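Written out below as structure tokens is the structure these notes cover.
By written order: A, B, C and D. Residues from 1 in each chain.
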Amino acid sequence: MGTVSATDPPLKRNVADESEENAMSIRKMISLHPSVHGHVNQPLGDAVHHLMYCAKMCRSCADACSAEATDMVQCIRLCLDCADICDATCNVALRQTGNDEQTVRELLELCARTCDSCAAECERHDHEHCRLCAQMCRECAEDCRNAAEAVTEPA
Amino acid sequence: MGTVSATDPPLKRNVADESEENAMSIRKMISLHPSVHGHVNQPLGDAVHHLMYCAKMCRSCADACSAEATDMVQCIRLCLDCADICDATCNVALRQTGNDEQTVRELLELCARTCDSCAAECERHDHEHCRLCAQMCRECAEDCRNAAEAVTEPA
Amino acid sequence: MGTVSATDPPLKRNVADESEENAMSIRKMISLHPSVHGHVNQPLGDAVHHLMYCAKMCRSCADACSAEATDMVQCIRLCLDCADICDATCNVALRQTGNDEQTVRELLELCARTCDSCAAECERHDHEHCRLCAQMCRECAEDCRNAAEAVTEPA
Amino acid sequence: MGTVSATDPPLKRNVADESEENAMSIRKMISLHPSVHGHVNQPLGDAVHHLMYCAKMCRSCADACSAEATDMVQCIRLCLDCADICDATCNVALRQTGNDEQTVRELLELCARTCDSCAAECERHDHEHCRLCAQMCRECAEDCRNAAEAVTEPA
């Protein structure tokens, strides 16, 4: 994608190819920062990628929960809280200009705990949207923990 | 991903596979809403997918622009405005409970125009992050227009 | 507030005084931009102020609706959509660096229509939180329309 | 405001009066939740009120910084990170349906530390927008700490 100029014909829009391109281009985008010079923090890029998806999954699950016949208020609450925290963590972790390492690390750790809480609640319900949301939250929590370990103060 | 329960071992974490899984699961997630019953609006799902990426690309480009030696204030402004509008459009378009079709359609149309403006500005600069951001904005604008056409009032 | 240095003793924390200080300081903040030079667009400042409150009211109303015994799914949907659009409009309208007038104006107009839809739905319910939310939405819509008229292309 | 129905004539739009009305109505709104029954957590309401303002101040300061002639990249970074975290904390703290006390408390504490970091950076600069932003961040940090102490697990 990086070698394609914006005036070239659009990429073939096969879902899998496009997703692969997109997935790589989030990491590629981070690597293109003037202050990064191609030296990408891979666990941080993975976390940003998962946080983006997890925020949307949680919002979608909360919306689906609100249409269920059973009482899902606690699941809606945890999904919306998790979505807000994933969104903020994603936007903060994406920034490469200037230094804010301690906040990034603490926020990734808090976000991992929040994802675990949301997953535990979603795992209590039989709805397929809850199952999918729980799995995404577990994967996101793992990536957030890996990224938190990889974030170090500048030498 | 949908056939894997949340207590199964984690998926192999190959980037391309994972992206494909994730890309499908955003559309799958929408299809799991009690009020959708597996009848997915495909152009809307595609737009949600692109909006999610475009918002992050624009935030990342604005951040990279702020570290460039040249004056990038207009590009930062358009990227941040585009990111805010993509985020809102994504969250609104993701909802399937209740009806808000006119707002969804008007917001998708406005978002397409905003993406075009941002792309036009990014295309004026030689930075690789601007080239990548411009391409993403053009693709997102196309998907937003397709989705706006596909959103119709409930019968 | 502007004449108090950050190391001075904290202001007396009377709610009304503090609110007055805060309300003025959002407008004051906009006036302090290097590119604004004290020449504030008053209707735009008023809209930013109302958009900030309206977004929170709508999120709070959606949350309260989800705890009501009656079916409030349509009201939750419109409140959350309105909140997302108010948040985006507020953040976009707050920016003074660079020019994005056409997007600002179109977004303010779309936001006014969204606030009206949300108010019309909230007005159908007897809950006090819906009454308060509807009133805030009506005031916000009026301020958005006034601000949209006041936003003009740079000479 | 609470005694005025949505179809009554609009309130007189005096800035100070309106702000006072609005400030009270955020707290009033929280008190109107079916699960709260008029029993408001006052420190939490104060924090929500300050978080809403602080997020906007930080975004506005970052925008003004980007138009300054001097190098403000570190200040822009800390202001945008602080804005994202204040927005998330505000939205999470606003919710009253369901229970998520541990996340709310940890997020308020992290947000207080983030506000302090942002204030410390803003206090290093002579710009009036930085002075105003620093003061708002200090006040917000104090309210977040008070609210964190007041959030307790349900009996």
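Following the convention adopted for this analysis, contacts are C-beta pairs under 8 Å (C-beta built on N, C-alpha and C of every residue); 3 or more make two chains touch, one makes a residue touch a chain.
None of these values were measured; they are calculated from a predicted model.
The most distant chain from chain C, with centres taken as the mean of CA atoms, is A. Across B-C and A-B, it is A-B that has more C-beta pairs touching. Our note on geometry: chain B versus chain D, Cα centroid distance of 28 Å, whole angstroms.
Averaged C-alpha coordinates give centres for chain A and chain B that are 14 Å from one another. Centre-to-centre separation between chain B and chain C, using Cα means, comes to 25 Å. Chain C has residues 66-67, 73, 76, 87, 91, 95, 97 in contact with two or more other chains.
Contact residues on chain A toward chain B in their complex (touch as defined above): 1-2, 4-7, 10-11, 15-16, 18-20, 22-26, 28-30, 32-35, 48, 52-53, 56-57, 59-61, 63-64, 66-69, 87, 90-91, 94-97, 119, 122-123, 127-129, 131-136, 138-139, 142.
Listed in rising order, the residues of chain D touching chain B in the complex are 66-67, 73, 76.
The touching residues of chain A, when paired with chain D in their complex, are 73-74, 76-78, 80-81, 84-85, 87-88, 91-92, 95, 97-100, 102-104, 106-107, 110, 113-114, 117.
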